[in-house]
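Chain lettering (A, B, C, D, E and F) follows the sequence in which the chains are written, and residue indices restart at 1 in each chain.
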Amino acid sequence: MLHNVTEVSAESLRDTIAARFPQGYRFITLTCVDGGATWELLYHFDRNYELSHVRVRVPKGAVVPSISGIYACAALVENEVQDLFGVTFEGLTVNYERRFMLAVEAPLAPMVRTPVAQAAARAGEMRM
Amino acid sequence: MNNATTSTPRRTVIPFGPQHPVLPEPLHLRLVLEDEKVVEAQPAVGYIHRGIEKLAEVKDFQQNVFLLEHVCGICSFIHALAYCQGIEELMGVEVPARARYLRVVWSELNRLHSHLLWLGLLADAFGFESLFMQIWRARERVLDLEEQTAGARIMLSTCTIGGVRRDLSAEQVGQVLRGLDELEREFDMFVPVVIKDATVKERLCGVGVLTQRQAQELGAVGPVARASGIARDLRVTGYAAYGELGVNPVIETDGDCYARTLVRVRELYQSLLLLRKALRHMPDSPIAVAVKGKPEGEVVMRVEQPRGEVMYYLKANGTATLERVRVRTPTFANLPALLAILPGCELADVPVITLSIDPCVSCTER
Amino acid sequence: MAWSVHELLGRSPWFVHYNCNSCNGCDIELLACLTPLYDVERFGMLHVGNPKHADILVVTGSVNHRNARVLQNVYAQLPTPHVVVGLGVCTSSGGVFAGSYNVLGGVDKVIPVDVFVPGCPPRPEAMMDGFLRAVEILKRKSAGLPSAPAEKEVITVAPPSGPHAEESDAA
Amino acid sequence: MIFPFLKTLFLSLRRGPATRRYPRVVRTPFPGTRGHLVNDAGKCIFCGVCARRCPAGALVVTRTPAHWTLDPYRCIVCGYCVEVCPKKSLRMEPWHRRESGGARGQG
Amino acid sequence: MEALIGSQGLTKMTRNELAVAVLVVLPLVGGALAWLAPWRWLRSAVVWLTAGLSAAAGVYAVTLLPFSVTLGSWHEVVAVVCELMLVGLVAYFAWDERGWLIVGLCAVQVGVLIFEWLEGAGQIPVIKDAVFCLDGLAGALVVIINVIGGLILVYATGYMKVHSCHGGGRGAREGRFFLVLTGFLGLMNGLVLANHLGWLSVFWEGTTLCSFLLIRHEGTPEARGNARRALLINVFGGVVMSLAGVVAQRGGAESLEGVLGSRLTVVFVLLCIAALAKSAQFPLQSWLLGAMVAPTPVSALLHSATMVKAGAYLVLRLAPAFEGSAVMDVIALIGGFSFAVAAALAVSQSNAKRVLAYSTISNLGLIVACAGIGTPLAYAAALMIVCFHAASKGLLFLCVGAIEQEIGSRDIEDMGSLLHTMPLTAGVTIAGMLTMLVPPFGMLMSKLMAIEAAIEAPLVVLLVIAGSALTVFFWAKWIGRVQTVSYHARYRLERMPRSMMGVLVVLCAMVLGGGLGSLAIYRQVIEPMALGAFPHAAEKAVAALRAAGQLHSWPILVFPLLAVIAWLVTVWRFNPGYVRLPYLAGENRDETELSYKFTSVKDEPVVAWATSLYFRRTLNEERITPWANLLAWLLVLSLLGVLGGR
Amino acid sequence: MGTVMALFFVVVVAPLVGLVLNGADRVVTARLQGRVGPPLLQPLYDLVKLWRKEPLVVNRVQIGYVYLHLAFMVMTLVLLALGGDMVLALFAHAFSALSLVIGASSVRSPFSRIGAQRKIMQMLAYEPVFILLVVGIYLRTGSFMASAVGRLDAPLIVSLPLVFLAYLVALEIKLEKSPFDVATSHHAHQELVKGVTLEYAGPYLALIEVAHFYETFLLLGIVAAFFVRQIWLGVGVALVVYAGAIVVDNVCARLRTTWMVRCLWTVPVMLAVCNIIWLYVRRTQGG
């Protein structure tokens, strides 16, 4: 079961994470879950083997601030989520423009479940 | 008159991979060199992305054990272990003691074969072919042990939700213990070379230095982090039977390729120790409990693989299929560190440095 | 044709390996074939990194959207006569990954394959059987004889009372 | 010592090659090795449990006609079907299954 | 020629005189006419005619060899007047360019001249020698100057036509350009023919002036600056030469022959220093690199084939008399040093003309080193280099000129694909470079002889070996780059003025033919000349000289020939189906405009490229040059020290 | 007659000897690694196979340099067999290597070009040793003719012991063995894939292999004929040297190019130079 989950809004995401960096939190990874009408982004952290998580829910199609400016290592996983879920990250330090995990020929946002979401993802693609 | 001056690049640009003999796995690096010094290295991945996370939402939670084992052929057992432990936590299953010990046995066999494999490939990368041969010869003993105990050399398929699928007879335990003794003798044939040979040290010492601070900030895990002086080894948290067996992380502080090599070489002996302890003190109990019902809820499970921490995030909704299976493998966590230490090295060092993080692209991309 | 040119040709099958969508299981078993316990250099086999020097293209893993082009490029750089060997069930069908959005299927979706070696991963012995088969095909091709692409037969079992006890037929 | 590997080298020379000379000498597999899957036609009741459980989708079982079909080019030899078969009709043989190739018969 | 002279009516003596006169004056007149010519076609015609005539005259003169021309003492007055005029001109240009140091040097030179004049009037007994003479060495140079020089002139007419289009041509300056370039041939002929030190000095100064004017030709600030530097260093050489004249006069000699006869070491040393300046040896090499701003025919003619050879020629001419002296050892060292260091610096350059310039310095160094070794074999080696280098290097400069006009860059890294875009020039370039380093050709045979000759001087042999190795390095890099092409089924000849193309082909044929026949030339021509220069050579030295001519020549001709035939057959029977894209780790793309591309990050195409090695960090020109100059200055000073020690 | 025999020997027999030596190399290497290894005549099988393969190239220019490579390699042997000038033979040999360099750098293949550059670096490392060898021979015989070696009273190893040591190192480079196999490698995988031979396939690769056989013979022949001079003893010593080279190949990691040049110029070249200086000194004192 998940403990130590902090729910934040997309606007305050960067501040929350920036506050963690100097405290010695290690960024483990980012998990994106298709929550129907929303994307659930779960940022996992570790300090002394203790897990903690930051959760953000954003409506599909919204733009999420990138934390790669704070945790440089987050750039890769954000690119992956961008490919697989069609989430658009803003301020990525290294942006593969949806050509990270998937080639041009591959389906768009294949991890997204519903057709609605696929459409939203495609809308995100248009914006890029 | 066409002006060629503007269009001719002034630096060497080469594709390193995806099809390249020193990288058996398809990883692509766009290397920019000045003379032979690397000034820029940008990776491209996705050559081996199979979409396992999506497949795991389609197959049921029992089948996933086998699917997730194929995330990686090197530490197959450990992937299955991480997943099973996650499901067990969701469903509140208590794993019998013997199963926990057997899980340690196979985990450590996996670790042994992975580290030996890596050591051999490293030798191949710096052009020491006979060392590679020697190490892989030793590695075959581990594979024999795996085959003897699990019925397969690579895909052990012995882990299952609620325990393990095979037991070891007393005779088999004895065989494994004898095999370990032989293995240790094999180690003595090459370990002094790896840590003492002048040409090897020339290729490893001071190459690809990752400072402790970099390692921390870039989130390095496993031997990469430990070689930079960070004591990060999830076996310390005591999953399976590690709590009873006791693990002290192996640490080096130099952060170079040599330190990473030393960490893994010392872990070889550590694994031997753990294996012997686990085999000698294996309690008697059933090897699995029956699992009823369906998982529900969210969980994060982490275990220590040969390359470091692997993380599974599982989200279940009370049906046979899971809602989300997320795998973050150690190489994914170590890639930023690799990219940080590549610039400035020589082209000849690229394979060595790349291998020094023990890259597993297959698990990185899933 | 014990000492004919084609026979000699089969004594030096150099191979190049491309890892498509493999889980590494097949790759490490392939590498194990080179090492002392199996030592395919006994058959004159060398692992060359360069497709232009190779007689056999050994593929592991299935094809995905990004590596298909690489596989085609590597294949295009093989000099004739050449043979393609697919190791593991991934190369024949995608194996356990079949059906994923990024798995196009077996290698034969993209290039013709001469030998399929089943298993997940195949044991080194099975791989060696596959290589020896590939060498035979190589000799045939060198002599200008036709060689059909590999077939993937399924195994069907019916009740023993029935008309066909145990039979195999082509997929 | 300048070349610590020298000793190892001469030791391997003395020990002789470690090579298992397959195919000339064929090693007996360890008991319990998962080589390939076979179905005992006599025991099978064509219930289809194995096909439903198979993680790789390598099995197809039909009742009419009563056929149990295995695609060996899809089976990952995990042995799960063996475990779930209610009639213990399936078993794993330790030998590996041979390859398929164009020149069959000429070899 | 015969008809002109009217062979019946002229005595042998006057025929010689006429030959000298024609060689010196004809180009000057031709130059003047070219200057005056109102239309370009006429100018070209005049230049062509002059080139042809002087080439004929040069060849004819050589058939008369050896001869000498004596004149009445009036000629000395003429010489001094000419010299003063030239110094005046130099001073004028220097003033114009605000080169105050040069003006000062001119003043010094005038002083020296006047002093010499006055002293000469004071009746120091001087042996009167021939004023001009033509021996084997001079003959070789005359052929080079007039034949290769003539070809370069023809090339220049075509070159300047294109050049003017590119550079916003101002016709008047082009006229002046040809005045100087054509007239230069006359001055250079005079220089090698002169025996009298006064005349030597006059022509020496004259070539300096030509070089200056031609470097300055473009008129850009860079060109002017470089021209000033060239003038400064060469005028310095001129002053030293004038000083040598004074000292020689005091020693009772007024000609090179006299210096040779009376073994005036001081004069020798001074002349050598002047020669080092002219031949751009370390530490006086910098001007030659700057000279590369001049239009390429200038580099080909003055700064590689002929003028810079003057210094080496001078040393070579005097060397036999000073065989075995300590001075010679130092000279050999300076030469060897220049050879090795210039070769090393050439490795670090990617600008083609700079590579050629360094290579020229390097080869001149080798000539000087051979001259310094002073054995018949060394002398022969030096002669071989003089000839083969002039031809090959001249050719290469012309090629670079043509290439630059086509691709607009002289950077070697930009020269990939040339074989497709300009197959003729690229082919000629490759051939020219191969003649610089492949066994059957002359340059390599002379290097071989140089090594064998230098064997007795350990330090020099080390330098020569190091230099040879480095030489191979930069040529190989360049050849590799020029040859780099993708596969093209057909090659179409490039468009280029016919004069340029013709000269490239002719010169290339000459270089290849001469290079292949190098051993024959050695045996027939060079060997006797070397023996003649060293009439009293030791038996062992003569044996070494002969041995070098007795190399097994058939293998070195047969095997390369076999290879070439095999290649031609392969190309003839080539099947385009064999062509594949290069290995790019499986990510090849089919686009090939510039180079091959591979698919990379974000599936985007990236050009695969490998630059050549330049060792810009280790062989840093700016860092090495001061140290090399310092060392070279020490060597030059030790030259003076040797003098003092005597 | 003797000349004809000598020519026949170096043109026809030499590559066969080289072939067997290379086959033996592979067998011995395999045994040292605990493997069975290929049959002794494996290089022959490889040659036949390569000869039958499609001759893939990137452009037509590169082909010429394969022929030049082989031609100059044979020429080196012929010149030495004729007792000809050693400097010339040296140049021929150097150009043989250089042809590979130029051939490899005339294709637009970055790996091949980098390999070519490394090959030049190798040449910079070992050529001085060869030149010093020739200088040493001259100082002993007073002649540049190879035939003069035959007239010496004592084998060269007596007067050129340090040059011999340096030669052994150079030999390791020339045979592309660890720790110096930076430009290409026969068996091991390296970052340049195949370096200089990357863009040659089929028959062209076969020709390069043949040239390599000649070269193996040449390098060991120099040991036998120059350094030792007694025919059977010479062959014995040459074989021991070859075996030594194989062993060193198997106990070393590959080193970096820069390291190779630095290492060569510090130890072996300096050893050889000392040897030469000693000869000079002895000569000036003797003369």
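We adopt the following convention: a residue touches a chain if its C-beta (ideal position, glycine included) is under 8 Å from a C-beta of that chain, and two chains touch if they have at least 3 such contacts.
What you are looking at is a predicted structure, and each value in this text was computed from that prediction instead of being measured.
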Other chains in touch with both chain B and chain E: A, C, F
If you take the chains that touch chain B and keep only those that also touch chain F, what is left? C, D, E
Closest chain to the protein CA centroid? F
When C-F and C-D are ranked by contacting C-beta pairs, first place goes to C-D
How many angstrom between the C-alpha centroids of chain D and chain A? 42
List the centre-to-centre spacing of chain C and chain E in whole Å, with centres computed as mean CA coordinates. 63
In whole angstrom, the CA-centroid distance of chain E from chain F equals 36
On chain C, where are the residues touching two or more other chains? 18, 35-37, 39, 42, 47-52, 64, 66, 70, 73-74, 77, 95-96, 99, 101-102, 120, 123
In chain F, which residues are in touch with two or more of the other chains? 30, 32-37, 54-56, 110-111, 114, 187, 189, 193, 198-199, 250-252
Counting only residues that touch at least 2 other chains, which ones in chain D make the list? 3, 5, 9, 12, 17-19, 21, 55-56, 76-78
Touching pairs of chains in this structure are A-B, A-C, A-E, B-C, B-D, B-E, B-F, C-D, C-E, C-F, D-F, E-F
Footprint of chain B on chain C - complex, ascending: 16-29, 31-32, 35-37, 47-51, 61-62, 64, 66-67, 70, 73-74, 95-97, 99-103, 120-121, 123
Using the touch definition up top, name the residues of chain E that touch chain B in the complex. 166, 405-409, 411, 413-414, 416, 584-587, 594, 598, 600-602, 606-611, 613-617
Looking at the complex, which residues from chain D come into contact with chain B? 2-5, 8-9, 11-12, 18, 29-30, 32-34, 53-56, 76-80, 83, 92
Using the touch definition from the top, list the residues of chain C that touch chain E in their complex. 18, 50-52, 66, 69-71, 73-74, 76-77
Chain E contact footprint on chain F (complex, rising order): 54-61, 63-64, 67-68, 70-72, 74-75, 78-79, 82, 84-85, 87-88, 91-92, 94-95, 98, 101-102, 104-114, 116-117, 120-121, 123-124, 127-128, 131, 135, 138, 143-145, 193, 198-199, 276-277, 280
